[in-house]
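Each of the two complexes below includes chain A, the first together with chain B, the second together with chain C.
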Partner chain A sequence: MHPEIAAATRDPAVLSARSDAILAIRGLSVSYPVYGTEAVRAIRELDLSIARGEILGLVGESGSGKTTLARAIMGLLARPGRIDAGSVTFDGRDLRAMPEDALRAIRGKDIAMVIPNPRGELDPLVTVGRQIATVARAHLDIARDKSDELALEMLKAVQIPDPKRRFNAYPHELSGGMAQRVVMAMSLVCSPKFIISDDATSGLDVTVQAQILDLLRNLVRSHQTAMMFITRDIGITAHFCDRVAVIYAGEIVELAPTVRFFENPMHPYSVMLLAAFAHNPRLREKWHKPLASQIRAGTTGCPYAPRCVHVEDQCRGTRPALLELEPGHFVRCLVPVVRPT
Partner chain B sequence: MRILRYVGKRLIFIVPQLFGIILVSFLLVKMIPGDPAVLMLGPFATEEQLAKLRAEMGIEGTVLDQFWIYLKNLVQGDLGTSWQTTQPVLLDLFQRFPATLELITISLFLALAIGIPLGVAAAYFKRSMVKKFSDYYGLLAGALPDFWLGLVLIFFFYTLLGWAPAPLGRLDIAIIPPTPHTNFLIIDSLIEGNWQALWSALGRLILPVVTLGLINAGPILKMTQSTMERMLESDFIRYADTCGLPRSVVIRRALRNSLPSIVTIVSVLYGFLIGGAVLVEIVFSWGGAGQYAVQGVLNADINPVLGFVLFSAIFSLVIYLIVDLIYFAIDPRIRS
Partner chain C sequence: MSAVLEVSGLVKHFPIAGQRAVVQAVNGVSFSVARGETVSLVGESGSGKTTVGRCVLGLITPSGGTVHFHGAPIDKRHNIRSKTLRGRLQLVFQEPAESLDPRMRIGHTIAEPLRSLGVSQAERQQRVRETITRVGLRESTLEQYPAELSAGQQQRVGIARAIITEPELIVLDEPTSALDPTARAEIIDLLIRLQQELETAYLFISHDLSTVRYVSHRVAVMYLGMIVELGSAAEIFSHPRHPYSVGLLSSVLLPNPRLKRELTVDLKGEIPSPIDLPKGCFLAGRCPFADERCRAAMPPPDDVGGGHLVHCYHHREALRGREALDYFDQFQSEAEQVLGAGRR
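Let's look at the complex of A and B:
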């Protein structure tokens, strides 16, 4: 065993103890009940905290629980999903204890969300300017002309060409990139403290994606907004995020400052993910082994064990804890990958 | 401009559409056995008398000859004469069509007033009593025959309770009817300020309107509910929730996006009810257009039937045109 592991502290509280956390998730479990059998476990005892102004990248494959986590934070889980345990504290307030109407007042104002497929996210029958203004008016208690002004300002801020004319455009008259900018304007119009970007640029082509990401980062930085940046593209996180969290089967398997993560990935899954993007065909093939099945409630052991190239007997029976193997670098693995120095 | 061009195009197409409808219905009506000349003159008429009458009525020669005669008269605004009422069909229809229109228009408003709120509520509150209630209501409205419901209502509210007026036409016999300007009793009595007639007409409308309204709220409810459910699941409504928009705004947006489907079902019902309300008309002795047409069919009285078909066709085409204009107004995607 590597000496570092022996010295590791096993204290999940470290994750959320930072006093400047805007969002703190403690022991969150989410499951989707299935008729007649065990529920599917989507999120398992997840701890995570995000500091004010921090951009956290959340990376994982399809079905790993990224979107479920985002929706659970917002209190908008798709049916029949339900939160089994845990707490979500936002800015010192327990979101789970809040009634629906209070949550509605927070959504869009303090916590905003940017979603992919932007044209589908906009009401086809309402002009985009009006949609932005409606969000502003719902939360900011301002007059109509003031909210229109604000909406126009936002259209300018997201660098939509000819914003005055676009204000009166309908969603179907916009390109995908422009619609994405409108969605960003909608989510930023109330200057939220925290933004969740759920794979927001996945549908766009690469150059537009780069523009949008640049814009998003600048806006977030200039407003001191914290962000959870969900993506399947681990490459984006390298340029974009302060910290990277890798999620697998509803568990965070690795969490580290971006530089440390890319210099020294320790979880076998993270290594595989990076290898996949490094175009190593041999590793890609291994990584491509499909997710065996949905993880049912009551499953013990490491969920990654069936696909892991480092798997040992102990992995199947013991659930590894999330350990801090170096300062700020957490890994959930019994046999972490250690690079020879 | 775009709209005007569109309407113009539609109006041009109305003529061939009407021609097709008349042709088909003419041929179908001709297949009904029975010779009106014999029916009119009775068993003791001579062969010459019959032939003379047939020539007058334009029902001699081949079917195509007869059709040609009918068309020629039609172009001059002559829909022929009904041998039952011995009046020009056009005149008959101008009296009866408004009766039916008045009935089904008000009924549809009632159906909308029931169906839309109930459908919206059932779609929004998925696990509520409202949803259960609307499910049963939809089932019941689909299963119950309208004339039966009409009879039950008459039994309770006229026979037993005596709250409703007698199911004998549109107006109390003892009341002097207003001068027929439009033949819509409500409008005519309003024009004249004949409050007695207005009151009586409204009273007589209640039971048949409730009958048709309750039954036809079913399809409107179902359509509203299913479209609303789909809209509430749609990405943009979920995003509206994500943006924390108030419930009222979210529901309004979903409803607005559901409107095209609702407008469609209403237009179909409207066109259908012109003839489809006939059983209710009979139950309430309404003397409407549907009743007139059925009498025509039963008595080999061809002209009223064809006139009715023509009127309904024009009415339906106009309704569909209006519906298209409503789509234009609702959906910017169609406008551009």
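Let's look at the complex of A and C:
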């Protein structure tokens, strides 16, 4: 290990010990057992915390563990997935220790999730206003007329044109962008403290996406809501998120304030990902190593080692720690990218 | 430069069951594609991009207008399915997994277009081996099944199947939308290289504007079945003139927090229904520059030089007050600096 890096070593607990954190994940490991062979480790000893009013972008390619992480936080892992270790603390309470009905009271109220394919989330036989009102009544203990009022207010808040008329509309009468707004209204109606958005804007057209992102940001800021924004599109994180976390093979390999991340990406994987977006074949060749087989999490060394252009012998034997290489900028790499200052 | 493809005044309306109204999917589209050229159709969902692509191949019959391939019309008798044109026109699909037969070995899949052309088995084998290496896959892949390959590899197979007949025109309908960023970049590089080698003409259909900027020679921006602006990629991206193009381009989020385009044209509201299109300019209801003239009739195309066409009365106003800066170009040169670094 390089001496500067060793000197920069800090307890990774600082990641989860922020006093204003609404959500703190510590040492979380998730695996999917496979019949007759070793389990697939989808998340590996992951530490992450999100502060009130913060939007954290979680970027990764398919199979990196983004959705598994989201579902593990919600306590909704798809079978046969299981949490092997670690804790998820939300607003001071340990979610893993909670019984199912207590969790259910939190889900949808304090923690909301927005997923893509808005039409799939809506009941086709119930008007959208009633669906929003139902969520409110389930969690807030209010009367029907009060919940209808709240639902209408939410439709206004997500800027649906002519909200009074849309209140009585069925999902099929709405365009994709409007259906996505309704789903947002549904997840925001109980003023959640934490929102997970899992690729929620990926199916939308760019002009609609721009409107939805603006709206989400304003709502997050005005309510001091925290948000985890999961995406494959690193471009969105540049303009929408406060911090960016890059996940590869179930590990956070880099975490930094947005501007710093794009000015000074240090993990070879982050740089490779950015090069893929830059449409520059020379840069891509520089950072890309073709690889024949899929890599799974849980290998002894750095999971990125087989694809890494910086790989050294030490990378294969030791799993690098997530180190703070500049203030607030964490990198899990023994041979990080260095730029002249 | 003779055109491989010439589309003129193309109209396609789809009937709606039980109603007299029709879905006006394509409303008078004209453009051409030359040998070795990539023309991109960009636009949001419902803009009619895919319908144009299907009319070009003769998979559906247009309601009006013509499509010519090397000067000969594409119609019910002469299309991608007919003996005369088979192998000269090809198509690459969006979902690589769904466009391959899961029970057919890759070698068999790639050889299929040749089989229908009556190529001998010996020659087929020879060309399949050549083609698979050409798209950057190993020869051993020929024995595998689609499920054994990654999405990027599957798309390479889809491309191999398209180029094996050495077509003159390939319609690529969102070929990279289903792929991860790294696989997407590889496929794009492959398509560009193949075009240089084979001089194929590409009709590239996509809503991914940063990819379009990179692969296209010319770009046609579509809105509700119309090409609202057509010009060279460099022109369209540095001086978009149609208010819709300006709004569309400023919505693209490039991976650089400092490159945020100010919204000079704010497109409000929703896209009108293609069943009930407004009388004048289709954008009038969302456009900040719209006036009586726009609402009365569709503006005719205005040639602003160099074959750059704009369907708008107010394109000079849309252009005004904006520095001529190609954000995509700027992004690429800044990326060069950040990503060109190395290890210590």
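We take it that the second predicted complex is superposed on the first by the 318 of 341 C-alpha atoms of A that agree within 3 Å, B and C clash if a C-alpha of one lies under 4 Å from a C-alpha of the other, contacts with A are read in each partner's own complex, and residues count from 1 in each chain.
Everything that follows uses one rule, which is that contacts are C-beta pairs under 8 Å (C-beta built on N, C-alpha and C of every residue); 3 or more make two chains touch, one makes a residue touch a chain.
No experiment lies behind these values; they were computed from the predicted model shown.
K.L.:
Could you tell me whether chain B and chain C fit or clash when both sit on chain A in the superposition?
P.N.:
Fit: chain B and chain C sit side by side once superposed on chain A.
K.L.:
After superposition on the shared chain, which partner residues are touched by A:A278: those of chain B (first), chain C (second), both, or neither?
P.N.:
second
K.L.:
Using the superposition on chain A described above, determine whether A:V126 touches chain B (first), chain C (second), both, or neither.
P.N.:
first
K.L.:
Using the touch definition from the top, say if A:L76 reaches chain B (first), chain C (second), both or neither.
P.N.:
So A:L76 only meets chain B here.
K.L.:
After superposing on chain A, what angle in degrees do the C-alpha centres of chain B and chain C form at the C-alpha centre of chain A, to the nearest 10?
P.N.:
Between the chain B and chain C centres, as viewed from chain A, the angle is 80 degrees.
K.L.:
Which touches a greater number of chain A residues, chain B or chain C?
P.N.:
Touched residues of chain A are more numerous for C.
K.L.:
Report for A:I106: first if it touches chain B alone, second if chain C alone, otherwise both or neither.
P.N.:
First partner only, chain B.
K.L.:
Touch test for A:R232: chain B only (first), chain C only (second), both, or neither?
P.N.:
second
K.L.:
Report for A:P161: first if it touches chain B alone, second if chain C alone, otherwise both or neither.
P.N.:
The second partner, chain C, only.
K.L.:
To be precise, I mean the smallest distance between any C-alpha of chain B and any C-alpha of chain C in the superposed model; what is it in Å?
P.N.:
12
K.L.:
Which positions of chain A sit in both the chain B and the chain C interface?
P.N.:
Shared contact residues on chain A (touching chain B in one complex, chain C in the other): none at all.
K.L.:
Going by the contact rule at the top, pick out the chain A residues touching chain B in the complex.
P.N.:
Going through chain A, the ones touching chain B are 74, 76, 103-109, 112-113, 115, 117, 120-126, 134-135, 138-139, 170, 172-173, 183, 186-187.
K.L.:
Which stretch or stretches of chain B touch chain A in the complex?
P.N.:
Answer in residue numbers: 234-236, 238-247, 249, 253, 256-257, 330-333, 336.
K.L.:
Under the definition above, what is the set of chain C residues touching chain A in their complex?
P.N.:
Of all residues in chain C, those touching chain A are 44-45, 150-151, 180-182, 184-186, 188-189, 207, 209-211, 213-214, 247-248, 251-258, 260, 267, 269-271, 331-332, 335-336, 338-344.
K.L.:
In the complex, go through chain A and note every residue touching chain C.
P.N.:
For chain A paired with chain C, touching residues are 2, 61-62, 161, 175-178, 205-210, 232-240, 258-259, 262-265, 271-281, 283-284, 286-288, 294, 310, 335-340.
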